[in-house]
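Next up, some structures in structure tokens.
In what follows, chain A forms one complex with chain B and a second complex with chain C.
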Partner chain A sequence: MAYSLVIGLEVHAQLSTRTKLFCGCERSFGEEPNMHTCPVCLGMPGTLPVPNAQAVEYAIRLGLALGCRIDPNALFTRKNYFYPDLPKGYQITQTGGMPIYDRPICVGGHMHLVGEGVDRHIEIVRIHMEEDAGKLIHDRGPDSLFDANRCGTPLCEVVTGPDMRSIPEAILYLQRLKQIVEYLGVCDGNMEEGNFRCDANVSLRKDDNAPLGTRVELKNMNSFSNIEKAIQIEIIRQAEILDNGGHIVQETRAYDVARGTTRSLRSKEDAHDYRYFPEPDLVPLQVSEAMVECVRSQMPELPEARARRYVDVLGLPEYDARVITADKALADWYEGILAAGTSPKQASNWFMGDVLRVLKETGKSIQDLPFGPGHIAALVVRIEDKTINGKIAKDLFSEMAQSGKTPDQIIDEKGLRQVTDTGAIDVAIAAVLTANPKELEGFRAGKDKLFGFFVGQVMKETKGKANPAVVNELLKKALAG
Partner chain B sequence: MELTEDTVRKLALLSRLHVEESDLPRVAGQLAHVLEHMEEISKLDLSDVPPMMHPDSGERPLRADIPHQSLDRDVALSNAPKSYEGFFAIPKVIGAA
Partner chain C sequence: MPTLTLHGARERLSQGESSESLVSKALDAAKSSTNGAFNTLDESRSLDRARELDKARKDGKSLGPLAGIPIAIKDNICTEGLRTTCGSKILDGFKPPYSATAVLRLESAGAILIGKTAMDEFGMGSTSESNAFGVVRNPADPTRTPGGSSGGSAVSVAEGIVPVALGSDTGGSIRLPASFCGVVGLKPTYGRVSRYGLIAYASSLDQIGPFASNVSDAAEILSLIAGADDRDNTSARLDVPDFTSALDQGVVGLRVGIPAEYWGEGLDPQVKAALEDGVRRLTDAGAIVVPVSLPSTKYAVSAYYIIAMAEASSNLSRFDGVRYTGRTKDAKSLLDMYSRTRSELFGQEVQRRILLGTFVLSSGYYDAYYAKAQRIRELIRREFQDAFRHCDLLAAPTAPTTAWKLGEKLEDPLAMYLSDIDTIAVNLAGLPGLVVPVSPVGGLPVGLQLIAPAFQESTLIRAGRALEKAGD
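Showing the complex of A and B:
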């Protein structure tokens, strides 16, 4: 039987602050274990948390970008659980068991998803701040091992309503959200390093008007393709149960990348088992109207607006504008070419054609290219001042993409300077005509098409360095003989 | 307010407190007494009273995002009964949430 799919997503975005949420330990990734700990993040008795102003600002920034209302008195709460990934025995978060304690920093936003056959309004129910847990390792020796480096790292959890109706919608939402946090500079958006993590609530129902079915929460998906696969597998699992007249159990399931299955983690504990209560060590956050307005006035340009500007102001085609702005790093790089003085259209020709091709071929990210936007600008200058012609420019680009040398270095080293000196070109033409008497005769007998042959031969004779316009002009004269 | 011994066992487990079996009736009675008191308070009409989020209504400064010196790892680990290659070593807990 066919069911209709309902997906809601929870994204944990690690905020790209320098320090943790409640102490001054540095935020880190991939370092030696337990290098960034202090009495606060190790949960020593008598210590007190102090919220990081930058983290609060980032949360407000994200909330404003998603059209949320900012709560002037957001409240921190304790979520109590005994699991050794948090030494305190509780996580400081902003969700609460009782409605009056449930005061996340941002509520009531939205995202309008358009594109790739999708047109849907997604409600952003809430964005709350919380601290990340540390890392446990279970497969080294007889004990479990604990690393507290990540303990206390600031997170924003972005929660949608059950508003997505297909896997492509879910993926598009995640891509858009990732793009937004990167543009805002509030999160690095690196899924492999776990600083942009997604949980998916998946349920099935008979048709689009039926009440929502029981949801299952999927975890442990660290790439878009894993999310896609995990949801697909879960749909099949749930449909089988429903087909056989069974009931879906509300639970958390982890995606097993190696096996391509999901497995139950534990049945979802009743909310009151976490015994939420207001965090006594922290007073409610005081976010003034002035503070919100200050953040609003410094909002960076978002992807939508940037793409619009590329079309309206820079005159790029819609498609090019979308491709370049899809990733903030790409767009910044592109604008680097403009900043070095190249016209928007020429810059986009090189960018869309050659730079993106190199990225695709090498699998590198734009930051890792051996050359920068200034190299492209310098290359365009050398074409415009006729030092090199278009053909040589392409060869020079390939060389530059490999070695990272500047265009001028390569021109000098390889002697690529375009020959506009009519004397030298005349010598080459004379040599070509002497070497090809048959073709010369044919041309003079009326085979006009052979003109292209002569141009090619002269360019070859000059190793591609002759100015094609000058070659054309001189060749016409010589052939007219 | 009725409070069963099973509920007390569950609360003890969640709080990681040890309560002797023989003590369960006594603890159940004490907790029930606390709940009765809460029920008394719940009878008050507080519809005009804004909820108190924190007994201290004062403002607290936030912290600037500047790193401090973290603990020396050996010092941090010295507080734990056991460590291994820079990690805190703890009894195996996989799946025991």
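Showing the complex of A and C:
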């Protein structure tokens, strides 16, 4: 039986602040264990948390980008549970507890998803700030080891309503959100490093008008494709249960990447009682209207606005504008070409065709290319000043993409300077005509198609360096003679 | 009993006695005392520091106001490199790599920390009997309790070992022992003194404050330790007056509120008479008595214990055997390690409060307990505000009786909780309270509690000094 799908998503975005949420330790990834710790993030007795102003600003920035209302007196709460990676025995967060204490920094935003056959309004229920836990390491000897570097790392949890109706909608939402946090500069968006993590609440119901079914929370999905697979598997699992007249158990399930299955972590019955209560060590956050306005006035351009500007101002096709703005790093790189003086259209031709192809072929990210936007601009200049022609330019690009040398370096080293000197081209034409008497006869007998053959031969004779327009012109004269 | 004052200590230093001598006499007195004020003495470091200061003094260097004077610190206030146990086995051997802000401020004024004072485990008690490192006795009668939880600090001052000591007050833990031991105890306004380095019992109620043998010394210590601290988000961003300048302002025209609820049923008649005599000293000096009412006082004990235990259950989660605490041996699983470590190393009262605190925060009970307690807290806070519209400060008993016999309330937790009835509303409302000795009853000390609006410690010091002067 076919069911209709309902998805709600919770994304944990690690804020790319310099320091942790409640202490001055540097935020880090992949460093020697316990290098970035202090009595505060180790939860030592008598220590107290102090909120990181940059983290608050980042949360506000994200909230404003998603159209949220910013709470002028947001509260922190404690979520209590025992686990060795949680030094204080509680996590400082902004969720849970009684409604009067439930005051996250941002509430009531939205995202309008359009594109790829999707047109859906997604409610952003809330964005709250919280601290991350540390890490346990189990694979080095008989004891489990504890690394506190991640303890106290600032996170923003972005929670949607149960508003998505298909997997592509969910993926599109995540792509857009990832794009937004990257554009805002508040999160690195790196899913492998775990700084953009997603939990999905998935439920099925008979049809779009039926009441919501029992939801299952899916965890441990660290890539878009895993999210897609995990939800797919969960849909099949739930549909089978419903088909057989069963009931869905409200529970949390983890995606097992290796097996491609989900397994139950805990059901609602044995869910933790986190005993939330207001964090007494922190006074309410004081976020003035002036502060919100200050953050608003410094908001970076968001992907939607940037794409619109590319279409309206730069005159790019809609498709190109979307592709380039999909990733902030790509768009910044593209604008680097413009900054070096290249016209938007030419820059996008090289970018959409050649640069993106290199990325695809090499699997590199744009930052890791051996050449920069300036190289493309220089290349275009050499085409425009007729130093090289279009064909040579393509070869030069390939060389540049491998070695990272500048176009001028390659032109000089390889002697690629285009021949526009009519004398030299006339010599080449004469040689070609002498060497191909049969074809010359044929052309003069009316086989016009052979013109192309002569052009090719002249280009070959000049090792591709001749200016094609000049060749055309001179060749016409010579053949007519 | 011979007491030591800051003035007396400075006098001795200026007459040529060395800090080393002052400190070593304090250490000797601590060691020879049978009243158990100290859990840990820092002998070699404190003597080294004294010698350094003696040299600096000889070299004519400018020294802080407490230079070379020995002090004592309650064992729940972190001291760098010096064992800090909270009176609990679970922290036996814990040497913090940092000092509390209040300790740093006293040390930068030149004070020499000689040791850590005994206390009820994690501040949870009113008798100091749950200290894991030995019994603490009342110097006025060693068969009696010094009060708690800061019993050791009160005793160290009452015995004249040190002129001043720091304690902490969550529900009366400075004021009750001050009353029982006959010393001055000051609980500042919540937020007045940084809590950084104070090992939390109940974060929204805890506050560090001084014990001293006179009001002037308490005022001086408060001036040194008070003030905003970037490490404590709840510390007040307010200027700190020089509290000693309030000392001799007198009380002429000052309105002293007498809250009926504190002076009625349950108050020992002799204690009441001694306290009324104290109030009379104030009126004799020109103060005006005003009757006031705090009708929600009867709910304070319940609200206090719910909030304090809820916060404690969370604050004490970090003592889990994973890092700096002791750990049970041969645990079979993580859960087994947690439960055995905490069952073996926490005392009975601490376990009781963790369990109750966990219960009141549990889903399904939250509204009935924690949420209701917070509403009562708000009510109590408002009633104090209303009362202060009619008066400048309040005068109340610190406890309904003099010090109890050791062991008397140990088997009856409820009786122990009820003994806090006169002190806890002040913590719920975050107000400052000062206890000043009045005439003893049957040889046992009694202290009158003065309560002021938030951040009006100067009023307390004015009135406290007047009370003290009239008794001289």
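Worth a mention:
Criterion: the second predicted complex is superposed on the first by the 475 of 481 C-alpha atoms of A that agree within 3 Å, B and C clash if a C-alpha of one lies under 4 Å from a C-alpha of the other, contacts with A are read in each partner's own complex, and residues count from 1 in each chain.
We adopt the following convention: a contact is a pair of C-beta atoms (placed from the backbone, for glycine too) under 8 Å apart; a residue touches a chain by one contact, two chains touch by 3 or more.
Just so it is clear, the model here is predicted, and its values are computed rather than measured.
In the superposition on chain A, contact of A:42 is made with both chain B and chain C.
In the overlay built on the shared chain, the residue A:283 is in contact with chain B and with chain C. In the superposition on chain A, no contact is made by A:370 with either chain B or chain C.
By the touch criterion defined above, A:273 lies against chain B and chain C together after alignment on the C-alpha atoms of chain A. In the overlay built on the shared chain, the residue A:54 is in contact with chain B alone; chain C does not reach it. When both complexes are overlaid on chain A, the residue A:78 reaches chain C alone and has no touch with chain B.
Set against each other, chain B and chain C differ in how many residues of chain A they touch, and the higher count belongs to B. Of the two partner chains placed by the overlay, neither chain B nor chain C lies in contact with A:161. Of the two partner chains, chain B is the only one that A:34 touches; chain C does not reach it. In the superposition on chain A, contact is made by A:137 with chain B only, not with chain C. On chain A, the surface patch touched by chain B in one complex and by chain C in the other comprises residues 39, 42, 44, 50-51, 80, 82, 84, 146, 273, 275, 280, 282-283. Those residues of chain A lying in contact with chain C across their complex are 39, 42-51, 78, 80, 82, 84, 87-90, 97-98, 146, 273, 275-277, 280-283.
If you check the complex, the residues on chain B that touch chain A are 14, 16, 51, 53-54, 56-68, 70-71, 73, 76-77, 79, 82, 84-97.
By the touch rule above, chain C contacts chain A in their complex via residues 76-78, 84, 86, 91, 94, 96-98, 100, 195-200, 202-204, 230-234, 310-311, 313-314, 316-320, 322-324, 334, 338, 358, 361-363, 366-367, 370-371. Taken together, the chain A residues at the contact with chain B in this complex read 17-19, 23-26, 32-39, 42, 44, 50-56, 73, 75, 80-84, 100-101, 103, 136-138, 140-148, 265-266, 273, 275, 278, 280, 282-284, 286.
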